[in-house]
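Each structure below appears as structure tokens.
Both complexes below contain chain A, partnered by chain B and then by chain C.
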Partner chain A sequence: MKLSIAKNDLLRPLNRVIGAVERRNTLPVLGTVLFQLNQGLLELTTTDTEIELKDSVQVDADFDFEWTLPARKLFDILRSLPDDSTVNISLAETKATVQAGRAKFTLSMLSAADFPKTDSVGASTRFDIVQEDLKRLFSRVDFSMAQQDVRYYLNGLLLEIEGDVLAAVSTDGHRLSYAKHQLPAMVAEAKQVIIPNKGVRELIRLMDDPATSAQISLSDQHIQMRSGSLCFTSKLIDGKFPDYRRVMPLDNDRIGTVDRNALLAALNRVQILSNEKFNGVRLQFAGDQLSVQANNPEQEQAEDAVELNYSGEALEIGFNIRYIIDVLKVIQSETVEFKLGDSNASVLVLPPGVDDVKFVVMPIRL
Partner chain B sequence: MRKIIHIDMDAFYASVEQRDHPELRGQPVVVGGRPNSRGVVAAASYEARQYGIRSAMPAAKAHQLCPHAIFVKANFETYRRVSATIQSIFQSVTPLVEPLSLDEAFLDVTDSLSERQTATELAADIRQQIKVQTELNASAGISYNKFLAKIASDINKPNGQFVITPERAQTVLDALPIGRFHGIGRTTEQKCHNAGIETGFDLRNKSLVQLQRLFGSSAQRFFDMARGIDHRPVRPHRERKSIGIENTFSKNLESHSAFVEALDQLSHQLIARCERQGKYGQTLTLKVRFGDFTTYTRQMRLRLPATAESLLDTGVQLLGKANPEQKPLRLIGLSISDLITFDQRDVQLNLRLE
Partner chain C sequence: MPIQQLPDHLVNQIAAGEVIERPSSVVKELVENSVDAGATDIRVDIEQGGVKRITVTDNGCGIPADQLTLALTRHATSKISSLDDLQYVASMGFRGEALPSIASVAMLTLTSRAEGADQAFEVHAKHGNLSDIRPAALAAGTRIDVADLFFNVPARRKFMKTERTEFQQIDQMLKRTALAFPHIAVSLRHNGKVSWQLPAANTQSLVQQRLKKLLGDVFVDNAEQISVDTNGLKIEGWLAQPAFSRSQADMQYFFVNGRAVRDKVIQHAVKRAYADVLYHDRHPAFVLSLGIDPAEVDVNVHPAKAEVRFRRSSDVHQFIYGSVHRAVAEFKPGGADVSSPGFMRSTVEQPSSPMQERFDTPPGNHGEQTGSTASSWGRPPLSSQLDLRQVNEAMPALYGGMPSAPLADAPSVATDPEDIARSAPQSHPLGYAVAQLHGVFVLAQNEQGMVIVDMHAAHERITYERLKSQWSEARVISQPLLMPELIHVAESEANAVEQFDQWSPLGFEVDRSGLSSVKVRAVPAVLAKGSIEGLLRDVIADIVELDASDRVEQRIDELLSTMACHGSVRANRKLGIDEMNQLLRDMEHTERSSQCNHGRPTWVQLSMHQLDGLFNRGK
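Our next item is the complex of A and B:
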């Protein structure tokens, strides 16, 4: 059986699905991409058993067949070929030959029957969202997802639908990020799901066509996103996400407003002399000046200050400087508001006057 | 020829406790886990050792061996302070100090000896200074490499020292029981017995090819050990990147409950090691090796401060990822990295989730 396809026609869908393939696998078949050729439609599937990615491309072939190829090797081979190459794939029992020009690669094939299939999703909640909006929503909170935390339900992003509001929340136990997006229509059923880290990262990566619409389906076990020929399915984390509303500080009445870019620049400067492991920074809110100060174990010290609009009692508070920089980077507004309690209490950081993003950060005890 | 001294404190934690609490002197003292807990023995006084109690033994087992033993909680703050005193004595002798733990170090004194002083005299002098400044006994081994110096410090323990000269080295090694060689654990020891290797002499009589058949890639190391060859330099300021422990089983473990039991033991031993070093790690790594020698590692972030229970918890989760099919295992290991010292932990406050 022989198949002929332009290099880029094959590389494009493979590039989209390669993200599910782990570099190290306990099951060899998870290192492969499944090809399913059916009436001229070539469908590519990859999985790590948690995430499944599918994309397809029309090809000129007069047979139907299923086979697997080592995903990363094929990906590297295709990328190494000249752009205008035509790739010829010949399939035998256990070996496949990939040929382009005078280059020839013989690859092993594992049984397509062993490739893990995802159960059908059987979704109960569905809505449409423009790719750009979904990407923005996730990108605003993905930085504070926990990584490899024992509290497995934090190793992902909470997606919540209530009426026509779609909210995304993440927390690593030290900080919490919240963002919301107004959907054009009401969604019948309210729902909360936790999407695992890797699924969130892949979704953000796949949203590369800003104006195109994506259909999201949610069941109790899965989230599925379809857009054009692309289909992303991820298992959900089965757990209870903490009630983020109770984490939002309500009584913080010392409010300081600063220029976002000025503070970001000052923090980037003093960070040079902060302790690499703890990244501590001291923020001093007093009168019309926010002073920032960092020092390292070698007793070197950096200081800077920005203009401040502040009415409360003077307050000195310590933070992991990364946490504040992360927040300032995703906020878009010109100024940013800090709502403070005391030196040991969580602070709320947000753009003034809007409520579609909020960030809670716990301090470092000074 | 190099002059290496290995200094090893005698029953360190237990001796510190006996020094600070006179009522414990002359008593079988066990430092570490409570007798009814799953903790392990961190140290045992010489009185307790007469009952067969050894460090890293489960506390419950120690209690069984000697029901009237006095169990004392470890005071690592104190041990670290004493250790700092000892370290400063070493530093006054030579900058070439390689600490192995709080109570043990190698010193390369090749270039610190005066015309009239021998390494043997210097070792006695160091032990004397330790005694004066800390009221504690230390033993010393003196030889021309690290491997032999470490063996030597064991020979006249406690409160003694021994020199292994090049002339004497082969005699000492030939007579040494195989289990006393550094790097030979229980499993390897059993393997040696099966191959008829009981002493260093037996080991030396094996050819490199025979050893390769027995030990694989470690053969050269064993070959050299039997001949007292060790070129490793004394490395000062060796900053630890991780603390770990692993166990190769004499018979592959087959069931989930056996895996968990092994993990439980490793967790307690790992926590004990961390406490000894005064460090915690923020990342836990599980290592498993299957019957066919394929090896996998899986990592997870830890919440601090870690306990034996939280290590076990995390370890079991990692095991689910590393060995989803529950295949038989020949090795399980746990290690933690991203180390931070005790006083640095937990400065970052946590959100009140739930």
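Our next item is the complex of A and C:
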């Protein structure tokens, strides 16, 4: 059985699905990509049993067959070939030969029957969203997801649908990020799901075609995203995400506005001399100046200041500097607003005048 | 059966069941009585492991003839007279139970001549019946003779071990007493033969001799004296250098007001004080005596008085931890005996039992002795000069296998190190660098000979200690949580959480939130990244047990230790002579610098004498 395909026609779908393949695997078949050829449609599938990625490409072939190939090796081989190569794949019992020009690679195949298949997703909630919007929504909040926390339900992103509002929330227990997007139509059933870290990162990576629409389906166990030939499926985290609404500070009435880039630059400077383990920084809101100051265990100290628009009482408050920098990087607007309570209370950081994205950060007691 | 008052004899036998378990418990009670009587000489004579006969003779104050019978009567004691007194027990005995209990399970003869009396008297007890008082011969003090122990309690007799085992128990027990009271002469005979005898140790050198006899020369040669006295708490004794650690917690002697006790609080405090300089599975060796106001300690919690309860256990914990920790920190180059490699090998893995007399190591030279402290255990503080041990027998054996071929890389040699070393001031006990060997060791020359330093290990310790002092402020910085974390605990733990008032110095904010759950509102900022639940559970367990916890500190130290490891010079970094000398100077000024963060030694001394020995010179 022989198959001929242009290098880039094969690399493109493989590149999209490669993310599910872990570098180290206890189960050898998880290191492979499943090829399913059916009436000229070649479908590629990878999985780590949590996430499944599928993409397909039309090929010229007169037979139907299923086989596997080592995913990373095939990926590296294809990338190493000249762009205009034609790849010839011939399949025997247990070996496949990949040939391009005078280069020839013999790869071993594992049984396609052993490749784990995902159960079909009996979705109850569906909606459409353009890739660009979904990507923006996720990438505004993904940085504050917990990583390997024992509170497993924090190791992911909360996706919430209510009416025509789609919201994404993440928290690691010290800070919380919230973003929302207005859907063009009402969704019949309200729903909350938690997508695990890796699924979130893969989804963001896959959304590379801004204007294309994606269809999202949610069941109790899975989220599925279809867009063009691409199909992404991820298991959900089965747990109760904390009620983010109760975390939002409501009566922080001291409001300070600063230039986002100026503050970001100042923080990047003083960070050099902040404690490398908890990165403490002191922010002092007073009159028309926001001063930032950090010191390290060697008693070295850094100070900077930016212009501030502030009418509240002077306030000094400590933060993990990383937490503030993360937020300033994600916000796109020219200025940012700090809504402060007292020096022990959580702070709301957001672009002025909009409510589609907000960040809550807990101070530290310096 | 109608309720009836038990006959005295039976009551005594029941009490004996608690107090008198085996021959060594008889000896313990009798010897304690002698100590209480102010004796300065106690002789213990044993026959057949104590089952046949136990005789304890002392030169104490004695018992007046008219009180001899009383001494054998239950709950008769001259030591306390009211409950108030019980709060301030300073004596070893106080229950008035021992003599009648012993008399109920053996044949007992009590002979005594009270101070000032011109005649001794004796009384016999058999089956709980007392004989009349008769004149007897005894120059002074008291002799108690206990024969046929458990003759009327077959069940106990069955549980007796071999003569040898029972005697060993007595031997260990008596040695503990000898450790606790150096000023008392103690001797032990078994089946007519002298097993050992120790003269009263009223001078430094006699105390030292006694310790050597009881714990071995190596212990004494490698132990530092400690003596701290603050706010009514006093700790004295000997702490072994970390290199002299043991695989079992078998050389740990602790006395509270002279009483040998087992105590978790104390054990934990000492172990933690050494934690920074010992491998995980090694145990420190020490003899420590705590002096404390008798009102602050409850000795009446255990029939055999082997346990005590401190009224303010967290104060005691802190005091012991602090004192020992400081003392351990000061073990540094120029402090005590040098741990030569021969020493390391011959003692560290030593399997022998701790209390065995050992006469196989030649006595160490302890350098000049400067002024003495006024303690019963006083050994003069060691001079600040490097003090070299005599050549160790293990040395030739150890170095016999050294390759005789020349080294592949000739070490780079400094300019005339001889001159430098000769003019070396005393304040540089580690001497001056000569060369670096294979990128791993620094070779230095000091007055006594050669010093070999493990460069990475030494630098790691220096970096670690520096980080620890820099970080002392940052430790308590607290990161409040956005959402309090609910943790389920036992009810007793929730109680402890509620009562504990030292949360904020630990960087935590924790409240009780139900019968058996607590809410964490803030965590130490340095540790905020990892999972905090496990740490908090450990902290709570400590608090329940000890009313204090150093877990947070421990965890931060682990973190700093990792940082130190990454921030230290690695093997194969070529160091210039100046850099090497700086390393030696830093080591001299750094606490705990004789051990790396993992408890391994950072340097060893080879004396000229030892080097000569390698070449059979001067033999």
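As a convention for this text, the second predicted complex is superposed on the first by the 366 of 366 C-alpha atoms of A that agree within 3 Å, B and C clash if a C-alpha of one lies under 4 Å from a C-alpha of the other, contacts with A are read in each partner's own complex, and residues count from 1 in each chain.
Keep this in mind: contacts are C-beta pairs under 8 Å (C-beta built on N, C-alpha and C of every residue); 3 or more make two chains touch, one makes a residue touch a chain.
All values reported here derive from a predicted model rather than from experimental measurement.
Applying the stated clash criterion after superposition on chain A shows that chain B and chain C collide. Residue contacts after overlaying the shared chain place A:Pro28 against neither chain B nor chain C. Once chain A of one complex is fitted onto chain A of the other, the partner contacts of A:Tyr152 are limited to chain B, with no touch recorded for chain C.
In the superposed model, A:Pro116 lies in contact with neither chain B nor chain C.
By the touch criterion defined above, A:Thr171 reaches both chain B and chain C. Look at A:Pro352: by the touch rule set out above, it reaches neither chain B nor chain C.
Contact with chain C, but none with chain B, is seen for A:Glu298 once the two complexes are overlaid on the shared chain. Of the two partner chains, both chain B and chain C are touched by A:Asn344. Of 189-197, 243-251, 261-269 or 279-287, the chain B stretch that intrudes into chain C once chain A is superposed is 279-287 (criterion: clashing C-alpha atoms).
Across the two superposed structures, the residue set of chain A contacted by chain B and also by chain C is 149-151, 171, 173-176, 242, 247, 277-278, 280, 320, 344, 346, 360, 362-365. Against chain B, the residues of chain A that register as touching in their complex are 24, 26, 146-152, 171, 173-176, 242-243, 246-247, 277-278, 280, 320, 344, 346, 360, 362-365. Contact residues on chain C toward chain A in their complex (touch as defined above): 467, 470-471, 473-474, 477-483, 485, 522, 525-526, 528, 531, 533, 559. Residues 149-151, 171, 173-176, 242, 247, 275, 277-278, 280, 297-299, 320, 344, 346, 360, 362-366 of chain A are the ones touching chain C in the complex.
The part of chain B that touches chain A in the complex is made up of residues 283, 296, 299-303, 310, 313-314, 317, 322-325, 340, 344, 347-354.
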